[in-house]
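So, here come the structures, one by one.
In the two complexes below, subunit A is the common chain; its partner is subunit B in one and subunit C in the other.
Take a look at the complex of A and B:
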């Protein structure tokens, strides 16, 4: 009697569930993309489709597919002309850009120097509330003497001035984002935005006025998928075609086992480091910092935890950078040397092997695993690392306000060695990027000279000294440069990775087999 | 009844005031700076101060609070600092997705809970009861963050029946609703089982069976209806966990609802948007509980609300 009733109840439940699934699956289209469309998963939504506003990585990745800039950074990390076909630097404070002709925005309007001037002036207009305004503080004036010439003038000789020439250009008269359509202004880049729904999707279609290779993607669907596991599942299911630098190292072997997926892992420039609060007397002692550097077994972390998806770093600049100099003091794993340094610094080990050195390590929930590794490694030399985990905005606020002792962060997209000025110069304390309140007059002089010296060979010599001094004095303990790891469907061919993680080559890759779009003119 | 409803509706005002005050205080107390989140840490101090002034963040906290309440009184939730749009507009765009998910989650919960609860409550201590309650314990124990990907692997990756993520048609709703509804189903099933056991021992059930009704018919016609009041109570109370469950579920399934909006707003220290989202969640909870009280009267004529 009982079993009959259970069987009946079970039949009812199963039939209801089966009906639900059948009804659901009847309307279910796997990827549901039109031919020639590729899906790219982002972990976070772009904040703005207006290139004058979006400084976050997702906005940058999206906007560089839609907007051209005067200059761009190529696959070797060098500045090359984008809208500019020729660049002159007649004086240390003046740069002249000669623009390409016949460039049009996707709405058909011709792009001229007026649009460039307008773009820069609107970024500098406080009413736009652009976060990019700060990056143009060295720009004194921008002029358009004719339709195809742009002249930038800086107040002082400013070596990294070309970095200012990488802003996406919008048409003259483009209103602030609030008053413009959600799809953003038209650009002259390879793609144009069809629609943008924040936290959901951005639909991009080829700009019909742009040249394409045969079989290049006709459209790109950028989908926002916050969960790393789900991004991996979407790749494995074949829904997503491309996911770059946003997957856990742990899932890569599983993804590699799927025959229709391929993984591109190339050296990257993202720099991971340990930093110290220099307002803490204990951490101002270089012997303590060096002891910590010797106690961290970076090679093992890279090999086991990161599954070889990074390279042990010597400084901010990766070997691909023109100013890189690897002839600096290295800190291989040496716990004995670490213990000696701590003894010298006045922290002898107690009977239990531990020292009077307890350091708070602030991190985010995502960073907790790595923090525990540091904790275990430092414990071996007698340092007690107290891991304090807080959510990102709180964490960032605390780092900004100097409420930390030790932490680990990363810099993404380092191109110019002037980054050394921004992070180590004693004038750049918060709200600047010298969050550690590091101060070293010798390094100050060098990074200031590097910023004001235009001659590349001279700069290279200056930054060789900077790298040596930074490696000796250790304001940061360099950890590693992360590789650029992209997982993609094998139907995507000719993907060319950029060291800074740029996705520009989504416009130049081609589709193999069915699904490739017809070439445009 | 109408008088009661009016009184309950008026009581929403102090609740809203309390929620608004608490949210305002908490989000302003935690470290983090909305202006730095907007402008980045390379912004010039003058720009940061200018922006702080523009957003009114340089005014005393009490003045900001009074301005916020003043806006609230006329239905103005302020402007989001990260979206640069009115909060009311953003919330109204995202709220339907969350309600859709919550309603579907509740539907799934009821769909699972009723058969389980009835089977278990009808035969306490039997094999069916053990099985149903075992399932219920499992349902309560599995966190959304684990259940979601498990369902994805089964129904999407292996069986290829349902889409993985996003909001679209009915098919997109099934997995997030199952994820959200399973734990709630377990709670409701346990409550229904308990109520049925109590009801089964009551005089009127004995009378009904004594008059010749089969035990099953007695439960369906009389027992279930009487067991419903406590189940409705638990449904109303669980609305809070259902709504908070949408936060995680929306993140896992890339569901563009209010929960994801709130998490993003907290990260960006978008004060007006956080306040708007929390207030919307709180008001939804209050309204659902009011509706629950009204439903009592409809289900059980012995209950008179006045």
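Take a look at the complex of A and C:
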């Protein structure tokens, strides 16, 4: 009774404090949004408004709404034409894109093959210093024989070539972005950018030259709200209309209790994994990695901590991927097996059950909670995990240069199985994405073959072997595929989730009521 | 009885601080729940008989964590204050005794350190040294020693001119006798006040640094990192932030009241 009263009093205090935070931080209320405007909260700021530069998830989400690309990935993870209305592959090294007519940039210019050619050549130009340059390494030439035909040529057969066709197209002659650039170049997508203030807001308005459905959002205000609690409060107060993949699973029941909010939870492709540095002799021993895999109780973490908002993973490719093969070695929770493997690897348990095996685990403040779970689970089998928390920029820098012993990260938007080449091939060490310095000649051969084979059935067979080999040798310990969880105001109808978390659907959903109904309390 | 009425700060301060010290020393012995034991199934559960303060997001007992956090908080602040006291007193005393340019130089150095907001200096140092308890102690000491240096230097300078000290010197009192019989009793009061306030301040600073991820590393329970970890669950589990928040608030209040009470005591005697 008393404790219930105290708990109630505490909740009152918290909600007062929380609304004070909200009033202080929001500064814009429902009345401040013009009709037809929806507010979308991001947890982190997009790094670039130039689609040739931004590779971070926030930039991709934003730029997809503003720029068109030759091809885009649909809700089934398949390539469909965006600017291209027809694609031909006459030889294994050549792709011809036939462009749609009457496509205009938001400044009125017509989009032609020249703009496409320019976009790709400027990404390849070292002066732009684009991180996307590496992903176009296989592209030998891009030609524009006429205004509505683009021909891409690769030096060798390159199976994932269509991935290169997903770059956002900017107008011919767009200069490299200025350091202080606010709004980026004009695009031909559904929205245009009115203003952008890093770490604060991005204001988007309909591109009048792009067709759109009646009652779809007229404008989008993207607000950067780093604190998860404030994001939840903004949804609950009706200030924010949409928040995707950035809320704690534990807060979802609380949000669900608000009648004017709805939650869309669908299986996702975001892949979370444990990563090991192979320059460390202890971690190079596959028995140690297997012992770690058996010691992590992934099923319980997914159930209790993630509240079932993820699926235990078997590899990089989620079951929805055409090349997925789940018939691989699984590592169910088995601490006894784990201890045996560690004994075999030459790390006998001491009197207190601990072994001479201390591993540094780097993470960010947001990752600390998960790190503590791993720490506790590994301690049960005698491994001491020293958790080192550093803020994101430092952390990411150190991981990208391969300066870590063990960590946990995620890949967002895996589509083509060639991802296996990019992360595990021994030629892809930093600045490439094989930050683990993993090297396995058998796997190297397979992923290279997979990259050079165009025939889909052949590729499928190759990647089935790749998935089996990776699950046996464990360059990564697979953790889970996170669901796509979006919480939105009920006035947003017909939202369609994408497995890769894309927010393209913000352009096509419909708003109910004139300018949206007020949240009913 | 009368003294209590006259000096309520001292009474309340002593009560809070004594309770805290007892809780830190005996709590973990009496309430024998492992503060590190993870039970994911019990994550975020509210207060119950088995877990009077509830459980955190990993199902760890909050009461056990608060009690162990008290140990960490108290021992770090005691160590930091003791170190600051020794370092500050030695530097301040030496400067006063040396006098002249050395004194000037040392005191300008003190001014420079004081010119930085203390907590910013500690954050900068902790960021450079990296997270960890020893680095935390160094960072907090670097922020805390100047106050003691000023007090000791001031007292030594005034004492040197006092007639009874001059008399003692003339009578051939040895420097060590001067130090123990005359200097120490004179500085003890102000130093005690400064140190008591200092402990309160350091508890807050330690919590702030741990909150920012620059202090105690997980899984070590510290009030600051508990507060940080609980922040994400403010809406669904307010007990995660209430418990360590109250502990921080109460203990700082206790030490400040105690310092206040001592100041009144010392002041009324002088």
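Criterion: the second predicted complex is superposed on the first by the 477 of 521 C-alpha atoms of A that agree within 3 Å, B and C clash if a C-alpha of one lies under 4 Å from a C-alpha of the other, contacts with A are read in each partner's own complex, and residues count from 1 in each chain.
Just so we're on the same page, contacts are C-beta pairs under 8 Å (C-beta built on N, C-alpha and C of every residue); 3 or more make two chains touch, one makes a residue touch a chain.
All of these numbers come straight from a predicted model, not from anything done at the bench.
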Item to complete: Based on the superposed arrangement, let me know which partner A:248 touches: subunit B (first), subunit C (second), both, or neither?
Response: second
Practice prompt. Considering only the touch criterion stated at the top, classify A:86 as touching first (subunit B), second (subunit C), both, or neither.
Written response: neither
Practice prompt. Based on the superposed arrangement, let me know which partner A:225 touches: subunit B (first), subunit C (second), both, or neither?
Written response: first
Discussion item. Once chain A of both complexes is superposed, is A:233 in touch with subunit B (first), subunit C (second), both, or neither?
Written reply: both
Worksheet item: What is the contact status of A:387 with respect to subunit B (first) and subunit C (second): first, second, both, or neither?
Response: second
Worksheet item: Is A:422 in contact with subunit B, with subunit C, with both, or with neither (first, second, both, neither)?
Response: first
Worksheet item: Looking at subunit A, does subunit B or subunit C touch a larger number of its residues?
Response: B
Discussion item. Looking at A:109, would you say it contacts subunit B, subunit C, both, or neither? Reply first, second, both or neither.
Written reply: neither
Item to complete: With the two complexes superposed on chain A, say which partner A:490 touches: subunit B (first), subunit C (second), both, or neither.
Response: neither
Worksheet item: Do any residues of subunit A touch both subunit B and subunit C, and if so, which are they?
Response: 6, 13, 227, 229, 233, 391
Fill in: Of subunit C, residues touching subunit A in the complex
36-38, 40-41, 43-44, 46-47, 57-59, 131, 213, 217-219, 228-229, 231-239, 241-242
Item to complete: Please name which positions on subunit A make contact with subunit B in the complex.
Response: 2, 5-6, 9, 12-13, 16, 20-21, 23-25, 27-30, 45, 47, 55, 126, 129, 131, 133-135, 137, 177-178, 197-201, 223-227, 229-230, 233-234, 236-237, 239, 391-394, 396-398, 400-401, 403, 422, 430-433, 435
Discussion item. Quick check: in the complex, which residue numbers of subunit A touch subunit C?
Written reply: 3, 6-7, 10-11, 13-14, 18, 227-229, 232-233, 248, 250-251, 253-254, 300-301, 303-305, 365, 368-369, 371-373, 375-377, 386-391
Item to complete: Please name which positions on subunit B make contact with subunit A in the complex.
Response: 30-33, 36-45, 47-48, 50-51, 54, 82-85, 111-112, 115, 118-119, 122-123, 126-128, 131, 149, 152-153, 155-157, 160-167, 169-171, 173-174, 216, 251-254, 256, 260-261, 264, 266-269
